[in-house]
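Listed next: structures, encoded as structure tokens.
Two complexes follow with subunit A in common, the first pairing it with subunit B and the second with subunit C.
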Partner chain A sequence: MAEKKEILKLSGINKCFGNVVVAKDISLTVISNQLHALIGPNGAGKTTLIKMISGELKPDQGVVMLLDRKVNHLSEIARVHRGCIRSFQVSSIIGSMTVFENILLAVKQKRSILKMLFRKFQSNSSESSFVYQTLNQLSLETLGTKVASTLSHGDKRKLELAMALAMGPKILLLDEPFAGLDQAESSKLIELLKSIKKIMPIFLIEHDMQAVFALADKISVLNEGEIIESGSVEKIRRSKLVQNAYLGGDL
Partner chain B sequence: MLTEKKFNLIIVLGIFAFSLIGYVINEPYFITLATKIVILGIAGCALNLILGFGGMVSFGHAMFFGVGSYVAAISAFHSMNGESINLIFFDFNGSNQMLFNWFLAVIFSMFFALVVGSISIRTSGVYFIMITLAFAQMTYYFSVGWTKYGGEDGLSTYVRNDLFSINTMLPLNFFIICFACLCVVGFILNWVINSNFGNFLKGCKENEEKMISLGLNPYTLKLTAFVISGAITGLAGALYVDLNRFVSPTSLSWQTSGELIVLVILGGSARLFGPLLGAIVFILLEQFLGEVTENWQFWLGVILVLIVLYFPKGVSGLFIKD
Partner chain C sequence: MSLLETKNLSAFYSGSIALSEVDFLVNEGSVIALMGRNGMGKTTLIHCVCGIISEKSGLIKFNSVNIHDLIDFQIAKLGIGLVPEGRRIFSNLTVHENLLVSAKEGEWDQKKIYDLFPRLLDRKYQLGGSLSGGEQQMLSIGRALMTNPKLLILDEATEGLSPLIQKEIWNVLATLKKSGLSIIIVDKSLEKLSTLADHFYFLVKGKIAWSGKYDQLNDKLIKSHLLI
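Moving on, here comes the complex of A and B:
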């Protein structure tokens, strides 16, 4: 069996906005090939935590480790270059470009400014096949020439995921990817994430409990900035603490 | 409806034909009008790189136009009167060579764009508009008080600079020089817009947060575009000095910045040569409407309002298919 490696490790993360505590001594670990889900009621501090992992916000205290290296001092952009790739709560794509071009942006993002200036925005054969491979992976292959703003909500979510995958992430941070999806789209996304988590770790924030229970290897429950429970799906299902704080009844 | 390539070709050939007609019917004024269109078109297209493709509404682009103008004019002025400028390490005697003065104008405009851009691009929206305006007004008031170079009255250079052995005083010759500059600038801007850089810049305009999540630094992208835009606008300024053989603080004023924005809006910000069409419409309205009524700016205002309301893609949007 392959060795389980710690990809992301948070230790003692604290964050306040004025008098409001949004993260209280949060520690968690995401290991390779694992989907770690973070659940919690609205306002629990889930998105703030993902922002601290991605580098958009700095924690007041605590350590963020990415691939065994402390990254607190690194900017959001530097963390992306280290493979920490995130998706947003609201689909974040370039609406005026085609689906193919959106993914091509993600493929070409590692160039320097000079190389960007002197190269045309077009794909060579290996980039083209990589983009189509990514499109196939997400069942978007027929939509390559479509302008991204005209896609359905579900396809926009998939496109955003495709852009993240095209960047070759070491870890994926997904912020409510199931938001606004219908039952059929959710089922497809669950199957897709099941296949993705085999090749890379995923840190998932989600309200859709059906999706979380179907996907998660580990769940942490955040309430008022504090992790009140962490463990397997079964442990979380049975936890009275979680039921009282968040789920409001039996699962 | 035309493809953008055909549209660009028709616009460029149309301006050239207009100038040739002026030559054939011996009406140099037509050639001067065409030259003015070309120069303002270059400045408009440069502004459009950051406004239309980068989403940065600079209300201070007259600064780069004026800096280019003043640098070229001062160099020509010193070459003419034989008085050198002491630049600490060496004495500069000025130059009457167009290429050299263009080079100086571009370098100085780039430097100004780098300094102003590195501060302004930290802001966005209305703050960006105001900060670029403030910088431009600073240079405007500096030029008004710079009596050594004419202050409020401006500075005359009397003759055009030289370019190889071409007689630049002939209107058609000077038009062809400006037209060649337009072609080169068009090629450069077309390249930039269609490069990886240009597409990331468009991405920044639409979704800056996404560009960061792709590992790109929007600040660097926008600053690079700002500097390229400033440099080309400076070149247009240097050409404008040679056209008029005169420069005044007006070239640095907020009205000039406003006119450049008008060119972009009139012509259409989504297209490479939209502002060139904007320059054609603007200059023709100024000339021909100006003959009919003194209040031609009022009618220009009416036209602008109608375009913003009903043709957000500008006049070029009426001819180019998406």
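Moving on, here comes the complex of A and C:
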């Protein structure tokens, strides 16, 4: 059995916006081949935490470790280059470009911005084959030439995931990828994430509990900036604390 | 008695058909569930009724008035309150101001909204943009109720909300139903709608593929219209 490696480790993360505490002594670890889900009420601080992991925000206190190295001082771009790739709650695709071009843009992210600006936007053969490989991986191969804005909501979500995968992640941070999907699209995305988590760890923020329970190896529950419970799906389902703060007794 | 009725309603985006010959009926005091997969025309139908889409044909009658050629604010004044997908609250206005901008005299006033959503009272002077998603949805419902509508329409009533907040929204909708308000709800939860809705419409590719009561539904219909 492959050795379990700590890919992401948060220790004692604290963050305030003025007088409001949005993260209170948060510690958690995401290990290889694990999907770690973070759930919690709206406004609990989930997206703020993902922003501190990706480097968009800096914690007031605490340590963010990525692959055994402290990354607190690193910018968002530098963390992307280290394989910490994030998808957004609100779609981040470029609607006027084709599916192929959107993925190509993600493939090219490792180039410097200047090179991107002053060179013609086209792919070399290795980049093209990588884009096609990614399209196949996500069953988007028939949509390569389609303009992204014309895709269905489910396919846009898949494209975002394809762009994240094309950036060569060591860990995927997914912020509500199931939002707005219908049941059929959700079922397909669950199957897709099941196959992706076999090859890379995923840190997932999600309200769709059907998806969370189907996918998570570990769940942490955030409430008012604090982790109130952490553990297996069964433990979280049974927790009275989680029932009261989040699930509401229906699940 | 019929409150809203569409006959042969079709809608177009740059000439392409998005909605095709839809007959849709809301009786006074009833709750209607409008369901279907993404991209099937649910929001288009709602936007036609609310006057947001002008490229349309057919009849739309609300409270015995032909509203086909009216525009959005005229329709809102006649008594249709919309809680749009994505909430669309005014993020630079406070909760109090968000409720004031749509206020029209009638049964619903700020006090009643705060009784319905006590959380909003705690946030009264907070900017809309600083609220959590759940609170924004409550504010969006509150803002629509402040127009004192005869018909309330919720597009994706519980989308993106945590289970506990979803439960709160469903409880509020049950309360509104008891008060006699007519409501159209777009949501993905058939289970929650089963106890609330008097009538269901399933849209597939811009057409009404099925309509009826919950107890007339079967697995085959659900699978073919909502899951595949």
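One rule holds in what follows: the second predicted complex is superposed on the first by the 241 of 251 C-alpha atoms of A that agree within 3 Å, B and C clash if a C-alpha of one lies under 4 Å from a C-alpha of the other, contacts with A are read in each partner's own complex, and residues count from 1 in each chain.
The criterion applied here is as follows: contacts are C-beta pairs under 8 Å (C-beta built on N, C-alpha and C of every residue); 3 or more make two chains touch, one makes a residue touch a chain.
What you see is a predicted model; the values in this text were computed from it and never measured.
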item	value
A:Gly43 touches, of subunit B and subunit C: first, second, both or neither?	second
Partner chain in contact with A:Val80 - subunit B first, subunit C second, else both or neither	first
First (subunit B), second (subunit C), both or neither touched by A:Glu101	first
Contacts of A:Ile228 with subunit B and subunit C, given as first, second, both or neither	neither
Which superposed partner A:Met163 touches (first subunit B, second subunit C, both, neither)	first
Subunit B versus subunit C as contact partner of A:Val21, first or second or both or neither	neither
Larger contact residue set on subunit A - subunit B or subunit C	B
Contacts of A:Met209 with subunit B and subunit C, given as first, second, both or neither	second
Partner chain(s) touched by A:Ala245 [first = subunit B, second = subunit C, both, neither]	second
Touched partner set for A:Gln183, first subunit B, second subunit C, both or neither	second
Subunit B and subunit C footprints on subunit A, overlapping residues	none
Residues on subunit A engaged by subunit B in the complex (per definition of touch)	54, 76-77, 80-81, 85-88, 92-97, 101, 105-106, 108-111, 113, 115-121, 163, 167
Residues of subunit C touching subunit A in the complex	37-39, 131-135, 156, 159-167, 188, 226-228
Touching residues on subunit A, where the partner in the complex is subunit C	39-43, 152-154, 176, 179-185, 187, 207, 209, 245-248, 250-251
Subunit A-facing residues of subunit B, complex	192, 194-200, 202-203, 206-207, 209-210, 212-217, 220-221, 224
